[in-house]
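One structure is given below, represented as structure tokens, and several questions about it will come after.
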């Protein structure tokens, strides 16, 4: 048997891989920071064997509480992923699985590779405009797609945290709906809004198999007050383009390691945030609640008191700077406990459906914001 | 050149077809009734030729007013249909088109064949149950699909009027969404409702290329008070199955030859129809208005005073007999003038999107009707 | 439970269909002739039930010897067909099968509908020319596709016998290869030959569910000496077009009910058939033997002595009239016993591969025939 | 405008990229060796602009003669690649192209990424066995697929030279045919042979965008006499597996920068190579000539006199060590001048067809080698 991770977003440390019944692994840290939770590796030569894989340092990971109730995913064909039995004892995460084929992949969540990202951008051409916002530290393109011809400037960014691959799946679902010429939601939206979409804010971190940081070890979602070319060019360039276009609605897409629900964090705690914006935010969330049974509002982050540090986060910075509805949308790594799927848990496919559904809430927001333009 | 119509739903009468610039045709009547508006034919051997096709009896058709603003559709590959220049002078409908290929089809709307119907049913197996409700007069199966395990009995029927092929496209879109295991709308709906779907209520009429009637010449949507084995077994069998299951929500899908909008006709005029049902109907329509920019409520049928004959219509009969929300949904043959598409007009693809969107309104209705079950 | 056959090529007679364990059926005769062997029907409402279907008149069918070793095919989704246990006692053919779904189809061979035929033609547009040769007795188009720009006139016709649906599957595979712009065989062939392809010589018989005859009861492959508008317009029109173009190579595609092999019948017995043609025929067959392990030359029709009646057959007529290689290609209804597939037997997919492989032999023939043009 | 190459097999050096009409570039050398000819880069922000890209050091590349008659390829969607006007003056290669979209890729040949490679392997599971032969210097898996259950051991390897991406396309076409359960060629072959396929012998070089060498700068096709873990583990592991299984037929797939034809180089010059093997080699080539009009035997490498260094090449080493037919198959980077395609030149699609066709020659070889087993 052999374990490898030398591919896009591959990440694991091998301690012992001689005995299928006693595979010992460690979860690798980010390439230049101490975050650790993401794993993605391939096991070869194990058809018919009962694998017991113990991730020994699970208890020392960034979100060790997230392992409670977590089930790892596996795939033979890299298309269809399914959950496999996984147990956590507070220290070690143990994955137990009998491989049906010679080669099997395991991952924290369904990966979304840089090759697939480039395909996503390429398929959108020429229906959309593509703008090169700038380059990552390792020289990857930060691409922004733009679509529609309306006055409302809607920005959607994803994958500041590179291990949150469900976020790019969400964007793929959203883009596919935008490219559907028969969909009345998108046909109407194109009249009212211009969408600016950055499917991958952190391509280096994604390719490197990082959980939360870029090639310099920066957590991009703490860089919005003072991004720099040296440490966070990805944010610097995106933020500049936002100031160039203006922002009327902002969605920053994330994944959450611990909470088994889809939820949103808003801007109501920001001092001076207009009551009218709080009402619009409320309307957006009420609408999304109607549209998607995978969304809910009971569970989420505890309501924080405002602190200046908050403005280092993308959605707070944008809400504050542009005076617009600005939301962090979080999807689970585990499942939506309100509508659980034991076979797949939360998945790429469900993330895509949520991305498509989001457009209905975006349209409602644009209609409400500019009632005279309809 | 040659004109033929010997295929599923083919219908035309040829008066003169020797000169491409002077093709004279008549729209054929239904096989056993005087309705006439549907046409569907193929022209061969005309690559590069400028065809002028005059439908001489257009002014004598069942809905001659419907020709105003109507554009015929054409296709080379029978997959992609597009509108071609069409003029109506109050008597003659003239289609002018230069064929790019040796073979081209023209039709009143995108056809939906019996073969495709059988494939639709077959693809739904085994995810759905299939019940043979009975046979048409010519011996075709009247199939009912059922799906979900909830208490609410939702019935959706289509194509009582066989020339309204957009109605089966709508159902195809609806079924495809039901079969999507990642869609939270359908996953939730399966818990609350059992859907009973009859994709084609009039298979004989559809295969025969009829506009409004079955093989006996009956307009099925006038048969609901007293259906008979001899004249309307299609209605007789479906009605019986409804009484067997009960009905909590009913949607009857139609096409309208004249009005260039999607609209709905309800049951508020029926004596004794409960105020609570009127409110539920209102909620359904308000929700659908939110969901689909292709729906609207300004244009539609004039509010009728109730007459006993009304109960011969499916939606009125069901609303009256079962005391439930019961709607006739109408799609245009032309286009939705609120969101026009000059290339395609109203289309199979747009009908499918509307079918998928309907499920969101159905889910909302089921949630509202049984709030304690959520 | 319910049995129906009211669809394209549907054919069965129901004697008793109340008890799944005792279903009694008869194979229907052709619509206007006494041939009988084709069946195609649907059984509904039988999920989980062990069906025993006895075809009581099997022993009286046209090729009753063909039932020995024959296994019927079944499908739930009308795409994937598989063989089911079938026994023949010299009189009754008994099909035993437990249906996994509510709806299941049984047939003599994988059907190829008129709708699929029209799609096949339509997909070939505009890469190919389409010529309307004439109309069948019931008014269906007899279409000829033409492809390539070379001097050699190659004619390929299929489905004179409408129940031999594998023949149109073969043509579909052949056409798909012709439409592949990267295939060097077809790119080269286009320079040397013009292909004339009639995918369905007998559309009426096919739609009617006939085994061997058209709507007038004529066996088209006995009409080539004296076709008539009244009895065999399908042959009359095709034959005329052949005389218009000339023929340098002719392939007539058939199915055989009895012999479990792919084989060819040639023209060597025709008086006056040139020795050079016999050599070319031999070269064609030797080449096909190399190309396709599904072809063989041991088993086939006994070498007949020539009789004048032979010239009523398409391949003999053409070989005689045009002095060219002219072959009848036969595929089994059962399986190729040299390379058996117990799950599928001979199939649509294998027929398509044979159609694609034929083009290599056609190319070799064209190269050999005109060596100076290469 | 912006030029980037930070992706799988990306390779270019940018000298000046400010003026679309005066873009100056250099072709990058391999990562650890002086070979240089491969390029692959993306240009953004240039919709509607006439690009003039000059590759200034083309005259100093490894196969500078290969630029004569060469046309670069371009793609917007990364799926469809087409040739663009390219001129070579003996020193500078100038690509002139007006981009229709915001983003366009240029490359030496259609790329085949490591992600696609992993998908290729994963799709073959579980129909094939996958063996991890060993790891590349950078830790990538060297995978061998095996298929079939026959006695003849057939080895097919590709992409020793990583810039020859057409070789992995060829293997993809070959594998797709092996996975077709209806193809008689592969069904027969499975009985006679066991195929051992290494789709990518040099994954590091491929990912790095190298032309000819691995991560250590080694030209793997000069390492077969004395491969080492330090310099050429890819060869070491594959060679060992060959000795474990034995080899009865060997095909090593390559691309040639200069000669615009598909051709083969054999083993007839090896001292002691048996006359029977030369005859078998001749039979293989004669058969391939029949099968694929893209193959030819007039043009190719000059017949070399044997030198000991020859045995450092894979096909010579294997022919010598195993006493079997052992061939180097070469495809052009430009086009097959016998059957040119001005739009695509030689392409991924044509490489795939050649891979599928090869199996017919392999089958013939296996039949001839073991006539008693048929």
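The first chain written gets the first letter, and so on, giving A, B, C and D; residue counts start at 1 in each chain.
We take it that a residue touches a chain if its C-beta (ideal position, glycine included) is under 8 Å from a C-beta of that chain, and two chains touch if they have at least 3 such contacts.
Because the structure is predicted, anything quoted here is derived from the model rather than measured.
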Centroid comparison with subunit D (C-alpha atoms), farthest chain: B
Inter-chain centre distance, subunit C versus subunit D - centres from mean C-alpha coordinates, in Å: 41
Centroid distance [mean C-alpha coordinates] between subunit D and subunit A, Å: 37
Between subunit D and subunit B, distance of the C-alpha-averaged centres to the nearest whole Å: 54
Where subunit C touches two or more other chains, by residue: none
Graph class of chain-chain contacts, one of line, ring, star, complete, other: ring
Contact pairs between chains, per stated definition: A-B, A-D, B-C, C-D
Of all residues in subunit A, those that touch subunit D in their complex: 2, 4, 6-8, 42, 44-45, 47, 75-79, 100-103, 105, 113-116, 118-119, 121-123, 125-126, 129-132, 135-136, 138-141, 143
Interfacial residue positions of subunit B with respect to subunit A in the complex: 180-185, 187-188, 287, 290-294, 336, 339, 341, 344, 347, 349-350, 352-354, 360, 363-364
